[in-house]
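Look at the two complexes coming up: subunit A is in both, with subunit B in one and subunit C in the other.
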Partner chain A sequence: MSDNKSILVIGGGISGLTTAIEAAETGYNTIIVERNPYLGGRVAQLNRYFPKLCPPYCGLEINFKRIKQNPNIKFYTMAEVENISGKEGNFTVQVKLNPRFVNSKCTGCNMCVEVCPVERPNSFNFGMDKTKAIYRPHEMSFPMKYVIDSTACPGTQCSKCVEVCKYNAIDLNMKAETLQLNVSSIVYATGWNPYDATHMDNLGYGKVKNVITNMMMERMAAPNGPTKGKIVRPSDSKAVKTVAFVQCAGSRDENHLAHCSSICCMATLKQATYLRDSSPETKAIMYYIDLRAPGKYEDFLKKVQASNVIEMIKGKVAKIEEDSETQDPILVVEDVLGGKKIRQQVDMVVLATGMEPSIKGKGTGVQLDENGFVIADGQQAGVYAAGVAKSPNDVMTSLQDATGTALKGIQSAARR
Partner chain B sequence: MADNKIGVYICTDCGIGDSLDIEALEKVAKSELRAPVCKSHPFLCSDDGVQVIRDDIKNEGVNKIVIAACSARVNTDVFDFDQYLYVTERVNLREHVVWTQPPKTEPTQAIAGDNLRMGITRISKSEVPIPKTTDVERSILVVGGGNAGLTAALEVTGAGYKAVIVEKSPALGGWAKKFYKSYPVKPPFNQLLSPTIDNKVKAVEGNSNIKVHVNSTIEQIEGEPGMFDVKLKKDGAEEVFRVGAIIMATGWKPYDASPLSETYGYGRFKNVVTNMEMEELALKGKIARPSDGKPAQSVVFLQCAGQRDEKHIPYCSVVCCNVSLKQAKYVRESNAEAGAYIIYKDMRTPGIYESFYKATQDDPGIYLTKGEVRGIEEAPDGSLLVDIDNQLLGQDVRIKADIVVLATGMVSNMIPDGMAVNDLTPEYVGEWVVRKTQDGEIQELNPTPWTLKLKYRQGPEIPHLKYGFPDSHFICFPYETRRTGIYAAGAVRHPMDGLQSSNDATGAALKAIQCVELTAQGKAVHPRAGDATFPEFRLESCTQCRRCTVECPFGVLDEDEKGTPKEHPYRCRRCGTCMGACPQRIISFRNYSVDMVSAMLKSLDVPSEGEEPFVVALICENDAYPALDMAGINRMQLNPNYRFISLRCLGGTNLVWVTDALSRGIDGLMLIGCKYGDDYQCHFIKGSQMASERMSKVQETLGRLNLEAERVQQVQLAINEWDQLPKILEDFSEKLKGFGPNPFKGF
Partner chain C sequence: MGDGTVVTPDVGFVRSLQEAGADTLKKCYQCATCSVVCELTPKDNPFPRKEMLMAQWGMKKALASDPDVWLCHNCNDCTKYCPRGARPGDVLSVLRKSAVAENAFPRFMGTIVGNPSLILLALALPILLFGAFIGVRMSSGQPLFPEGQVVFDKFFPIHYIDPIFITTTTLVMLSFVISVSRFWNGLNTQPYKLLAYGRFLPSFIATIKEIVFHNKFQKCDANKERTTAHRLVMFGFIGLFITTNWAVFHMYVLGWRSPYSLTDPNILALFGGSKELVFLAYLVFKTFGNLSAIAFLLGGIMIVSSRLKDKGFVSKTSSFDWLFASVMLILAVTGLLSELLRVAGLAVPAYTIYFIHLIFVFYIIAYLPYSKLAHLVYRTVAITYSKMANRDIM
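Then we have the complex of A and B:
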């Protein structure tokens, strides 16, 4: 069954991994091109999945194992697609491999980090802590190779890491390379970025110190996060007693994201369980437009409601300000059912920011809808999309889709 | 086959050489375990290091390679030797030893020595797999001819395979045939679409690679992936054929609205209809009242009718908000003067459907509010008076309606007619019966053959979860099924709309094809994809205890009349649960066996005295093993008196290991595995649960040895909970100290 031409999967998040692995296990060659220095994408940053509250790393571990033992799969990290030409069955794809400055001889011994004198904000943890300029993206990152942030590293004038590395694994002069791939089909599994919360002036993100996003909350709750799993507020690292969740922060709003991001209600309910687990006295309030816990997820909504950790108020948050003395955020909310305005002071606010397709505005030549999602059946033959690149969905739905997309890729190979 | 020759390669880097006495380790390998080749290397994962191994393979005939270096999770591409020619065993000296222990101490050296002993022992009991390729049937059976089934069949043929559709009704198309229009799934969102199901039906009927059986039901399916034999009943006659894999796309049925009579007047008032009945009204042309055919001026849609409600359907059916928006547009298109009212709990139009919701809101004739029904009355002229608690206005309103549409939900066709979603037996749809046995009366489940009618000892259908949805560990691996080669797709799995069910069916089509292809090569499917070993049974020693046939999570084993296991190897997922179940130890793999772990336990250098309890921990290789690696990567210090043995799954834990361990003076045995219960995390579904059930019976064994049952403990640990490891180990150690040393020490 093996085909000499591969299916190219752009994006090594959970959807891209699924498409690539499922196709490879069916007997087809696949190539993953991932921009980050590690595979796993957004879910690698999640503490737990709803509704089972299990760690995404369990599934990633299985998927990485499937990659390791399957010769049909090739992957490139720190790689970006620069140009695509050709047609189904015969695409030529130019890929830029950005320099990692660390080669395959890296054993992951950590000596370089110990001597590196420079720090950088840790992007994996949304800047809530720091790593050295040479770093491991996170403990479980795959591939288990270190990487240098060239914007932070002083380069050859320092070279402390080069000197300490016994394996000649660090090359500060590493240059970007270009790679030409010949593939039969292309799958965009480019996923999403959290919507930039600074765009919502009224919600105070970036100005009110104790306003964070739901993705930051995931990192904070994670045992390997910036606070080692402790949920504390940024201004003074105090444990939080009252937390407000602001739903549809950017989503369902024509000035920001017109679509519903599908997952934010469930994500907030899940994060309420983080609060419950960290301290049973914590009180959470969720301000929502509609509670969207579709399908079987209704059970999770009921379970969280029953645990009394979270009060749910149908209302739109108009404004968030900071109490200058306590640095507590103060929310002004229009309580729809109560028919009144509420002023609520809390220790911390979590904005349930939505998913913005990463491919939006990239000018890749793929047909996008008005929200920036890849239109499912509007592409040239041999070009497909999987997961959130196509539609804002939860992990399970994205992976049903990603598995199906593997078959689409195979059909392109079979049609040649 | 050539003689076995073990080569042991010890890497001295990444702190290993600084921490450990490498010469002493070499002595363990060479003198104690008589490994014919043992070398150390300063940088084993370098080209130079790997070349040393390759040279020994070539020149020395080494075919069993022990890499004593870093974790088995890293450098897999570097230490990659043909699995059909060479056995490779990774001994973790880095993450699990020198990164979690102080350097140059006796206990640290002791762990390294024991890890090497266990590794060499493991490899000496391990053989390369013998490829078991087989002729398979590659066509795919699709049960159900609705949207999902049609899609699956078309997608299968798109990749060059054949499909067979079995549909019980006289025509293809399913529920989608009964829809007047469908809601948009892409821009422009202000327009309803004509259903496309007829195109799909035509495409299927015109496809020579798809065989369609309508008016047909399955009488029986027996066999395994690559060779399922299907017996069909068609127009009273039987037909038999073979398929390679199965897609169950049997869809859904509308919730029977008759229990909604009291609250909603359904059945009492002629003009109260369900959403499916509304489609029928729309198909007739004008939207008119069922009671007298008068064109409807006002239609009220009541969302979640019998849904999100413990008394009826506790879940949400996902589609009903969109369906009511669509039907509100029917009303408006049918009569520009008419008004539609949608009364909801929460509007659920997730994702891109928000745009459809918005476009519908722009119509001033469609009025939406959050509210609850207080009551419905019928006026003498047949119109309905609906009292609503309008929660947006904060007041009660009365709406006069010509028609009230109940947005009733979807029920999986996994559930036989006449059974309710809230009234299901665990795992297999069926009835409880009381059976008299020697031990008295026991309650036993008598499963109902309903759709697939599998001839499996473990029941005729795919096991189901809550509300009758077929089983799957549904987040990371949505096609993980307990019946290898059988994949559910579409609304039978859980409520979904046409778009999602098409996507789902395409995914199931891929999995079906993949299963056939891997089966042909004699390889396992997920999660041990590519594993080419099979369980082997020494049946002459079988006592027909049936433990393996009951406990296999995947229903691999049937039984003959006496209860001897009858194997269906291609159903197997290689977890080893059967091996753990067997008291006679007759089940083993070429590279994994009860004897192997027993020998590893016996290889340990158990201290004959000492204050600190000596513990062996059996760990799940997917979660607990990486968690230990993470402890190492974070340089956490762990109790040095533990030895870790990784298992494919805790389900493989055999009780004999308890005796083996404790009778050798090991003070305690710990099992570290995945969480079990409703939100189980075990990818072999029940492995860790099975282990815990077995351990609950260990009392008897330990009683015979005069030992405390608490010397055996199972811990549930998720992969990201490595921060808890030090305490878990310390706590168990402390507890064991309370019992004093194992009296068997030194025997």
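Then we have the complex of A and C:
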């Protein structure tokens, strides 16, 4: 690969896709490198997303179609950047392609899954259900190819999938490859991971069974999720009547993430509407420190408040225990406006965990701020960042940023 | 809430709190994590979140009469979980200091003792006073350090010590009467105004029990080891108080020149002529006194060393705090040293150390209503009051 007018985009989430596609549609070559076996990133895991509350595939399908139609775009899944050298206009990038064990002859007939004897926790659904060792990442995954989890698959000694596959699509001896790319500019669109809720020892996640995270809630509410869209609690699969949302679970906290993740307030308001839509009697209680509903989102806040689906209490939840008999979580909070320390028993707690930049602590040589986000200015010439890699934001803002970043990449490519 | 109170921020007061060690107080963003993780707070109007807000606004009067800062035992669970590094534990400790200074009578004493940079001024009074008494003794031709066997009575006669300390103690009690009634009147306002005083005795007894058994300390999570340290210091202090009164009883009620002397016929007669019994009583008396002193010293060392090792969430300790801890340690060390040097017969060092010891004994007794030690009165009053107001139920 020696087309040094290419723009490399690291990360195939909604921001990376946007940067790559927008740049490609002006005639430049773009390359997307994605670590997961599918494109779409965190947005693919949502049930619905702002601003129009559509299912994620409204937006993602259009982008995938644009990729398919455009020969200027190349993408690699299960790929990780290992090394970057050179300068603007002439970067050499080493990319490791992890083996998928399934080639492009796969038709998605699902025969392999039926014979596979091994299961793995489904990471797409945050471990709430299981898949076989050979699986499709999710129902709408693109590229439409199955994949084998090498940590779960026993390998050639089993080979049941190979035997059953009529299309010779499975190769258990597939090895990792290394790829050299020559590109003119690099865009970090590495996105975020949900903050690990087990770090907050006082909020009970991992110990109190009916405490989940907001991203788990998205999967649960999604029709293709582990519960097929039914919102039930983990301990006994009972439909929930009262759900507490704990804001700033790890965000704006020097002991965890010092920054405001900016999206969690709106995510909670959105999830309150999931509850309302699933059963009108369900009650949501939101415990917050400050509400962040900027710009147009204020209208959404007003609408949700007016519809009486959510009660809002000012005060941060700092302790969650489990009622041993009912397995109900009991949360302790000071109702700041009412001046009382209260204990509230609910069916389920959703921790509004925030965004931890994926690039944090990876030692890539790119300049990060104290919270681990890529600093917008002051990078080496030809190196840029887009979306949440740069700052915690919603999809809408990330897309605007990603489109702007496409122009930056183009300038680097055109300067030569 | 919403009763139309107008608060005028007292910026000078806020600054004085920050300078005294509450430099983090403005970091608080009122999330109330502290009030939730605190094991000691009442459920209604919990602390320390509201105190953090009051401190940010500089509400000096309200803070000086807030019982809750005294319910706080500096466990520091709040500081450990605070998402902003606002260190509520440290802030409340500074608020207690400011409450002592604000309620103190006379107020200038509160200012002098409350300000660590004025320590020399505070020490100058006992140095001059005791120096003058030694001068009086020397004016009759005696040397500064008396010859012969080391007897502290020869260096600084008991009949000087007692009038000084009896006068001082009386003044201290008078000062406390005025400061505590100020404090009480401050407490007895809305929202916790007492309807009846009938619950005083049971509340007071419950409070004393709680203090003796360290029930509140034991509820601490982040900083548990302070229970043992405080027990040692407190019981050591009480033990030394008992020892002193025991000696006073010998001297003034029984008229003894020296405790349990085997050669004193009156003492022997009191014990039915049995030298063994007198010696046994002597041992009990000495052991009790020395054990108390050692407990006091050990506890003091534990407190200082736990403050030195930084666990991140443990009190950063304001200079006012350090001053007090140092005074207590000097008191214990000089006390034990003068005893050892006396027994060793080293006259000059023994008398010198004893003089320093006297200065510091005076310091803690005379300045009791204004130093950190005033907490023994304020805390007892505040906890009793809170129980009467149905606020502090353990």
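The rule we apply is simple: the second predicted complex is superposed on the first by the 411 of 416 C-alpha atoms of A that agree within 3 Å, B and C clash if a C-alpha of one lies under 4 Å from a C-alpha of the other, contacts with A are read in each partner's own complex, and residues count from 1 in each chain.
Everything below uses one rule, namely that a contact is a pair of C-beta atoms (placed from the backbone, for glycine too) under 8 Å apart; a residue touches a chain by one contact, two chains touch by 3 or more.
Keep in mind it's a predicted model, so treat the numbers as computed, not measured.
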Checklist entry - Which partner, subunit B or subunit C, is in contact with more residues of subunit A? => result B
Next on the checklist: After the superposition on A, what does A:Lys319 contact: first (subunit B), second (subunit C), both or neither?
Outcome noted: second
Next on the checklist: After the superposition on A, what does A:Arg252 contact: first (subunit B), second (subunit C), both or neither?
Outcome noted: both
Next on the checklist: Once chain A of both complexes is superposed, is A:Lys341 in touch with subunit B (first), subunit C (second), both, or neither?
Outcome noted: second
Next on the checklist: Touch test for A:Glu61: subunit B only (first), subunit C only (second), both, or neither?
Outcome noted: first
Next on the checklist: Per the contact definition in the header, classify A:Gly361: touching subunit B only (first), subunit C only (second), both, or neither.
Outcome noted: neither
Next on the checklist: Between subunit B and subunit C, whom does A:Arg292 touch in the aligned arrangement: first, second, both, or neither?
Outcome noted: first
Checklist entry - Touching A:Val332 in the superposition: subunit B (first), subunit C (second), both, neither? => result second
Item to check | subunit B and subunit C contact sites that coincide on subunit A, given as residue numbers | outcome: 252, 290, 336-337, 339
Checklist entry - Where on subunit C is subunit A touching in the complex? => result 1, 29-37, 41-46, 49-50, 81-85
Checklist entry - Which of the residues in subunit B come into contact with subunit A in the complex? => result 13-15, 43, 45-46, 70, 73-77, 155, 158-160, 186-187, 308, 314-318, 346-355, 358, 370, 391-392, 394, 466-467, 469, 474-479, 494-496, 500, 503-511, 513-514, 517-518, 525-527, 529-530, 622-623, 626, 630, 633-634, 674-675, 679, 681, 683, 718-723
Checklist outcome for this item: Within the complex, subunit C is touched by subunit A residues 202, 248, 252-256, 289-290, 315-319, 332-334, 336-337, 339-342
Next on the checklist: Per the contact definition, I'd like the list of subunit A residues that touch subunit B in the complex.
Outcome noted: 1, 14, 22-23, 25-27, 47, 49, 51-63, 65-66, 68-70, 105, 107-110, 139-140, 144, 166-167, 222-224, 228-229, 252, 258-262, 290-299, 302, 314, 336-337, 339, 369-371, 373, 375-376, 378, 391-393, 395-397, 399-408, 410-411, 414
